[in-house]
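Order as written gives the chain letters A, B, C, D, E and F; numbering starts at 1 within each chain.
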Amino acid sequence: MISKKPADSYTVMTEIVLPNDTNVFGNLMGGRLMYWMDIAAAIAAMKHCNAPVVTASVDNISFENPIKLGNTVHIEANVTRAFTTSMEVHLKVWGEDYTQQYRYKSNEAYYTFVALDPNRKPRLVPTLEPVTPEDQHLFDGALRRRQLRLILGGKMKPDDAVELKALFFKEQL
Amino acid sequence: MISKKPADSYTVMTEIVLPNDTNVFGNLMGGRLMYWMDIAAAIAAMKHCNAPVVTASVDNISFENPIKLGNTVHIEANVTRAFTTSMEVHLKVWGEDYTQQYRYKSNEAYYTFVALDPNRKPRLVPTLEPVTPEDQHLFDGALRRRQLRLILGGKMKPDDAVELKALFFKEQL
Amino acid sequence: MISKKPADSYTVMTEIVLPNDTNVFGNLMGGRLMYWMDIAAAIAAMKHCNAPVVTASVDNISFENPIKLGNTVHIEANVTRAFTTSMEVHLKVWGEDYTQQYRYKSNEAYYTFVALDPNRKPRLVPTLEPVTPEDQHLFDGALRRRQLRLILGGKMKPDDAVELKALFFKEQL
Amino acid sequence: MISKKPADSYTVMTEIVLPNDTNVFGNLMGGRLMYWMDIAAAIAAMKHCNAPVVTASVDNISFENPIKLGNTVHIEANVTRAFTTSMEVHLKVWGEDYTQQYRYKSNEAYYTFVALDPNRKPRLVPTLEPVTPEDQHLFDGALRRRQLRLILGGKMKPDDAVELKALFFKEQL
Amino acid sequence: MISKKPADSYTVMTEIVLPNDTNVFGNLMGGRLMYWMDIAAAIAAMKHCNAPVVTASVDNISFENPIKLGNTVHIEANVTRAFTTSMEVHLKVWGEDYTQQYRYKSNEAYYTFVALDPNRKPRLVPTLEPVTPEDQHLFDGALRRRQLRLILGGKMKPDDAVELKALFFKEQL
Amino acid sequence: MISKKPADSYTVMTEIVLPNDTNVFGNLMGGRLMYWMDIAAAIAAMKHCNAPVVTASVDNISFENPIKLGNTVHIEANVTRAFTTSMEVHLKVWGEDYTQQYRYKSNEAYYTFVALDPNRKPRLVPTLEPVTPEDQHLFDGALRRRQLRLILGGKMKPDDAVELKALFFKEQL
């Protein structure tokens, strides 16, 4: 099983915000956006492992700017690191108003997927080899984010999160 | 502005998993579930503050058991703590197969909402007064979760997260 | 097969009225509401019989107050009586505007479901034992409503509807 | 305001049953069908009164034969009688499997609509003049169905339902 | 296999334009209309051949008048000619505003469908016999439209399109 | 008003085929695909003109390979030529099965959009300057396709379609 590069799983998704996607202020609902992000991230994960995938977890998401009715949503996704049977996917989300020529950040997020075999058991996935410095930065951070995920999910004791402990209070995750 | 209790915002949402909600394994897609959770949590937040709300952030979510096509999804939500203009909402999600009389946990999550005034500016929300020990436990943890959220969002320096620092490696968030 | 109580099948469903659910006046369309009521009632029926169910009939529904865009819809459902292979489910529907702290009745309704076995043939369901006086009142009325249903569906001669005949002109169904 | 004929409001709606319209047996859900019927009936009512309409009530509906995934749904609707500001609409629903050349009845129903003026107040609608014997039969029955509706909705005392009383036990409504 | 008439496949579909069907001007999106037309045309094709069908191609469509939110869409479809295993379906689309009593043309179109057998291979379909002069006109034009379709799809050399060549510059297709 | 290049409007849209998007064979319905193509093409057109757009017409589309349930749909779109107030958009559509590592063409198409000003009147759009030989090829063909569109729409006499006449029987449109 050969390794893959982040660019191999690069996925772009584009949507227009329609009336039913909006709250009473006419802005895209957070829940609808998370639904689209889940689909974009699942496609990136499938590109990496060439197998069906299921969402295992979603990291913290902060919604910075509302995306308005009629505006376009851009979602970019790619795998940042592979862990035996799971993959972390990084997403960047922008809104864009073409009539105003105004493009604005909505959020960044990390989704984790598990690859499944035909019996619905986890299966091995190719390793990921970072290429650019940005790839390497996301690859390194993936280990700490994974430890935080396991602690928050009650599956790791904080004392065992060596990389997280060392770095948590030095830089942003 | 009087304070409110967690039970005042208690909300129950029930859905059946239909074909379009499922992935190729016939299980509920994570993204669809997050969409429903967003609506249930928004209702709980509106109950607390009696104002329109927008999703500000979502904490880590781990999906523990897949929910199958035709099964029922139960979502329970209530506000755990209020912070000036924002509210943290705790959600518990179960799946249930009535024909098998089998009920199973899917996940727990925390969504944060901001209340808006008619000019779309943040407005004050009632404080939350915990009543039961469980309420108090969630209320106390909300402060640490908020500090983690702010650090992860780049809006707080780790050194200033006093409560989180003191407790992060002692108990689960 | 043990009998069950009305509380055993108690189901709560909560929805927000989104743009696509509304007519040109910005109010919830009757058809969309009946769709949601069908799902809530089906869940209540499945809770009672622990088997798959199909909608057999719907009684008269009067829509009293329109539910507005952005308002919350509350649907409460529970089984009121079981008849060999079918169950009558009672639904109460409210709208609620949290920003105005205004809660208003939309309608009450009765849906009837049939339980099916794996060969899609009707199967026996547990009997229902009323507990409270309200339970008893709904349980008693179910017989008359069933006779009316059978007459309206052309499956019973009016002369055979003994309970209905005796009571029809004395009190509301 | 001139009167209209039943044929003036005659409306045909045709749909294919898609996966998301079905229950676990692969048959059209009752709730989805009632949603489509509401739209077909609303169009018939608008044709009659040339004004926006809202659903006031729905009479008893019995679902006789399940409509299968991939089958076609036919809904025919027309106004049967007008009452000052409201209209009764009669619906006939069939399923059809073209590959088997098999056409089967699903149900018949009566929906009632109220016409609204721009201030959302009920407005007068044209009277309906029956033409064929079938038109006349439905026109005559509409009065009794209306009395039953008012009694079931608690808006008329059974003793005042003269036509219903006289005929209720003589023929089917 | 007997032949069929255009009237045998005549299909009427009626829809109301809801908020999610519209663009930022509050008019029906072209893409949504083509989706409805595809379903109406598929029903007409199934009526003709009594077999499952798949869309093979769509001819040029010009959208003449926008259809507004809340207006009714009428789609009429019938088969115009059969070619061994495929059928051409002609569609006429109108919008109608009942409150203004205003009916306006949206577009005309031709969809082509292929009938499939249980192994998903193309199967023979009944021939079509035109009855009225209008039927004959559409039947004759179908041959030229088919040649144009094959040329545009790169499956026929222009020199072989005898009927099209002879008539293309004499009258409208 | 400066001119733009084809790459300026380049748009990528990615979707997963869900159950409700499929016909009875489990393949993507043509109508759903045309709906997605309409949105992708509209985004490309808005990128070019920075104004709201409406679909004016769609050219012949042939569906070559069915796209299966669970497969990914890729839609690429960019403007090929601008005509005073309208733009022609070229779309390429592929399906992809990541588990089989199999990518296949579905179709190519041309959609035409008109840019509107705030009064809903057509407005001028920037001219398009082709850059690559492929750009130039599409740019040149756009004139002939436009003449064919006008002839098919009854807005141009065949004799006036000089470019189309000269080239129609020499190469594919």
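Operating definition for what follows: a residue touches a chain if its C-beta (ideal position, glycine included) is under 8 Å from a C-beta of that chain, and two chains touch if they have at least 3 such contacts.
All figures in this text were calculated on a predicted structure; none of them were measured in a lab.
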Identify the chains in contact with chain B as well as chain E, in label order.
A, C, D, F
Examine where the copies chain C and chain D touch and state whether the two sides share over half of their residue numbers (same) or under half (different).
same
Taking each chain's centre as the mean of its CA atoms, the one lying farthest from the centre of chain A is chain D
Distance-wise, how many Å sit between the C-alpha centres of chain E and chain F, to the nearest whole number?
20
Would you mind pulling out the distance in Å between where the CA atoms of chain A average out and where those of chain D do?
49
What is the distance in Å between the mean C-alpha positions of chain A and chain F?
31
Enumerate the residues of chain B that touch no fewer than two other chains.
19-20, 23-24, 39, 42, 52, 70
Considering every pair of chains, which are in touch?
A-B, A-C, A-E, A-F, B-C, B-D, B-F, C-D, C-E, D-E, D-F, E-F
Given the complex, residues on chain D that touch chain C span 23-25, 27, 29-32, 34-39, 42, 52, 54-63, 66, 111, 116, 120, 148-149, 151-154, 158-159, 165, 168-170, 172-173
Complex contact set, residues of chain C against chain A:
18-20, 69-70
Would you tell me which residues of chain E are touching chain D in their complex?
11-16, 39-40, 42-43, 46-47, 50-52, 70, 72, 98-99, 101
Chain D residues touching chain B in their complex are 19-20, 22-24
